[in-house]
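Paired with subunit B in one complex and with subunit C in the other, subunit A is shared by the two complexes that follow.
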Partner chain A sequence: MLSLADVSKVYRVGAFGGKTMTAVDGVTFDVDQGQVVSLIGESGSGKSTIGRMILGLTAITKGSITFDGAPVRPGADYYRKVQGVFQDPFSCYNPVFKIDHMFQLIRQIRPYTQEKLEESISSVRLEPGQVLGKYPHQLSGGQLQRLLIARALLLDIRLLVADEITSMLDASTRIDVLNLLVDLKARGLGVLYITHDLSLGNYLAERTVVLRRGVVVEMGPTEKVFEDPLHPYTRQLLAAVPRLHAPWEDARPAGCGVHSDVQPDPDHYVACSCEKEPE
Partner chain B sequence: MITVDGLRVYYRTLKGDVRALDGVTFDVRDGEILGLAGESGCGKTTLGKSLIRMDGRMKHVAGTVTLDGRSLPIADDAAMVPFRFHEVSLIPQYSMSALNPTRKIGRMIRELLKARQAPYDEQELHKRLELVGLGVETLERYPIELSGGMKQRMVMVISTLLNPSLLIADEITSALDVSTQKAVATALAGFRDAGFLKSMIFITHDISLTYQIADTIMVMYAGKLAEKAPAKTMVTAPRHPYTQLLLNSLPEVGVRYGQRRLAGIPGSPPSLLNPPDGCRFRDRCPLAYGKCAEEPPPVEVEPGHFVACWKA
Partner chain C sequence: MTTLQTAPEKAETVVRREALYFAFRNPKLLGGLAVVLILLAVGIFGPILDSGDPFAYSFTDAIQSPSGKHWFGTTTFGQDVFTQFVAGLRTTFEVGALGGGLTAIIGMVIGFVAGYRGGMIDEILNMLTNIVLVLPALAVLLIVNAYLGVRSVGMQALFIGLTSWPWVARAVRAQTFSLRTRDFVDLARLSAVPTRKIILREIAPNMSSYLFMTFILCFGGSILIASSLDFIGLGPTQGVSLGLMLQNAHQWSALTLGMWWWFIPPGAGITLIVGALYVANVGLDEVFNPKLRET
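Here is the complex of A and B:
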């Protein structure tokens, strides 16, 4: 469905844009229908830039992003199929208007009936009567975040780009939003789940892409990447995640995943780490 | 050793008092790290702030705080001055922005110590910087030249320079990446081992992180203590229904989920403006029954394991 091929993004920085900074460097991966792909990386790894490029909010410097084989062209047609939800639900609403106003904004792209609206609100496990007619400040962060997903669903989208959508939520409500994504996946929606939290990616995703400084270091089925990480950076990341029942341990030492005796499965990609050691 | 007894701190608002901290009793022994966990609005930051400096909206209603046998005058801003940094110190939530951007770090530290009338011991400072993995040359840099994790470790060193008896670390790792988070948290536990501070209250919303460094974990809910237990007991055998549900809602790495789904806690915490009587978790609790209309007192079910629940 969505396909990124050798995508790069170079930002101009410094006075008069005299210097350049490569935020994303040659990233290639796919998101299929009914699949959650998690994009994991630390701050500055370029994960949000990739999300913005898919949504057409940032221009691509090199490479191509195609949706159903056609290059991405931002516009009403494209946004009917692909929508994004972002980190801070509180800043996505105009505090002056009621929640209903947020839904009315998409009437131009796709008209909807009141029934359809209520159905899509129920599908994010909210009671339409309890949220419609309310102001944003009367609802919790988890409810607002789920309403943004409901708006995306109203368009019958096929791909959702979810950029850190649970990092502002409390642990007890966060899991509801994650379970909602799992339900939507079962209905055939493709989800690109961008996060820095490895445990959430592990819970949710079929495939995992690990980014470091704009480069994909490891990519493959989630259980392979998490249970048998081959790149030293992935091992270091996994060792640093606080766990509930096991104390922190040091990362297992690893050689280069490409030039070693262990050959990964064909669908498990590992970047060569022979020259650069992770610091 | 710090003892907090029946502490109540309210926020004054135009609509009335918000009972953010409503009767909390606990103590932290010397050499102990107390992890304070809970969701947003449970009063954990209010507790941390009231032990060092109450801002203008906060009102001390009842309760006492005793530090090493001396009573802390927490309600009196001026009387707290001699205690601050010497006895009680704080690493703030946004310590990234706590450093003066116009001073080189070394000069800033000298000025700070002068303002507190404390001697400047260069060797000791260098030793501590080394302990957190920062070079001596960092002192000649401006804060903007350091990364987030380096700034956080720098603030840790500065906050503990006067060897406080109690250190309050409020969400210090929330803005950091996982690998930096580990380095900062381990350095913090190292400070305790090196004797730079006697006891520490480590405030975070992330229970799995608390488990890594704390000796005791205290879980708060809506301004009250829900459960306090040794870290290991808390994650293996929690007794309070809130703690149980909360721990069951946390996804982990190293577990294969497949079709298995975790469950959240339905509902949301009560408003603290006019909180309901009785157990404040009652509305969301699957075990709630008639007696929950009365407020459950914290009971010591095992040595060191306190639970505020009628069913525990």
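Here is the complex of A and C:
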């Protein structure tokens, strides 16, 4: 369905774009129908940039992103199939308008009836009467986030880019939203779940892509990546997950472990860790 | 559910209605606007009361203090000061509306485009803004005047518009920069909303109060600049304006001759219009900014 091939993003920075900064470097992976792929990485690793490039919000510098074999072209046609939900639900709504305004906007790309609108709001476990006609500041973060998913459902999309959608929610609301994503998967939607939270990625995803400084360091089925992390960075990430009643393990990258020519499993990619650390 | 079905269409009207509710209860806004509207009415309907020629000479009526016949007295040449004041008010409002409108429009277009597009377009527009900002407007006007034989109100407004927009552009650009990074702009893009509509319907409503106030300030500022230009003799060659009246009063030594009725009405007119606009502006700030509302 969605396919990224050697995608890079180089930003021009400084006065008149004199300097460059590589945010994403040669990333390749696929997201299939009914599949949740989690894209894991620390802040600044380029994961949100990848999400924005898939959504056509940021231009690609090199490589290609295709959806059903055709290159991504931002526009009504593409946005009927692919949508995004972002991290901060409060920033997703124009504060001067009621939340109905957001649903109004998508009318031009896919007309819907009032019944369909209420149905999709109900399907994210909200009561239409309690949320429609309200200003964004009158609703909670969880409600707003679920309404964004309702918006995506109203469009009958096939791929959802979920960029850190639970990081601003409290624990109980978070699990509600995650279960919604599981429902979406059951409906046959593909989900790219961008997160820095390993446990959430583990909970949802079939496949995991670990990103570091814009480069994919390890990629494969979630259980393989989590149970048998090969790249020192993945090991370090997993060791950094806090556990109850367990002493902190200090797992620094243990030097060169894997080389690019030694791939343990064709389905489990791991980058060469001999790379020179940037200054 | 019937109420819910009409809700989306009403969302924008409610915002406007709420602003109107507070606008009608704000003494500063109402007072300021009342003064401006009264002066505007005098400018528009004044000629009905007094249809004389503002330049008509009458040596028998020269240097008359205010009376029933000449409400604001007469000049050294017997011209009626009230007739001139009424005609001058019209010109002054014209310059304010044209010059202020032009300033606001140029500034907003450049500010929105630079702020929303960013990158190279922003660099170029920003450079243009800074260049115009440091132009010595008065010196440029002197040079322009040397080439243009006839100076009209329209030319004056055009000149004011072309030289005063940079501050508006800078402020609008900065605000647009901050708003365009908000996720609701991305969400509008994901709804295939065209750029022009994103700027006008998503970003601009968030700063509507500021834009409205900008126009008011540009209006007042334009009147002040026009008056200064008139006073130093760079005003329109034909017609009369409040600034030109002041210049004539000064030129013919009204102050030394004790002819206070010649310079006080135009001076007070300019002060009242600009002062009232500024008071209305403070009132508007309270209307649009919930934190400043006293009710």
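Operating definition for what follows: the second predicted complex is superposed on the first by the 261 of 279 C-alpha atoms of A that agree within 3 Å, B and C clash if a C-alpha of one lies under 4 Å from a C-alpha of the other, contacts with A are read in each partner's own complex, and residues count from 1 in each chain.
The rule is short, and it goes like this: contacts are C-beta pairs under 8 Å (C-beta built on N, C-alpha and C of every residue); 3 or more make two chains touch, one makes a residue touch a chain.
These numbers come from a predicted model, not from an experiment.
In this overlay on subunit A, subunit B fits alongside subunit C without clashing. When both complexes are overlaid on chain A, the residue A:C92 reaches subunit C alone and has no touch with subunit B.
By the touch criterion defined above, A:V241 reaches subunit B but does not reach subunit C.
Contacts of A:L198 after superposition on the shared chain: subunit B is touched, whereas subunit C is not. Judged by the touch definition given at the top, the superposed model places A:G34 against neither subunit B nor subunit C.
Legend: residue contacts after superposition of the two complexes on their common chain; A:P221 is shown touching neither subunit B nor subunit C. Rounded to the nearest 10, the angle at the Cα centre of subunit A between subunit B and subunit C in the chain-A superposition is 80°. Once the two complexes are laid over each other on the shared chain, residue contacts for A:G26 go to neither subunit B nor subunit C.
Taking every C-alpha of subunit B against every C-alpha of subunit C after the fit on chain A, the minimum distance is 12 Å. Of all the residues in subunit A, the ones that touch subunit C in their complex are 12, 15-17, 52, 55, 57, 74-76, 79, 83-84, 86-88, 91-98, 100-106, 108-109, 114, 118, 128-129, 132-133, 148.
Per the touch definition, subunit C reaches subunit A in the complex via residues 1, 3-5, 7-8, 11-12, 14-15, 119-120, 123, 182-184, 186-193, 202, 205-206, 208. Contact residues on subunit A toward subunit B in their complex (touch as defined above): 42-43, 140, 170-176, 178-179, 182, 196, 198-200, 202-204, 223, 226-227, 236-248. Contacts from subunit B toward subunit A in the complex involve residues 39-40, 148, 177-179, 181-182, 185-186, 205-209, 211-212, 235-236, 245-247, 249-257, 261-265, 268.
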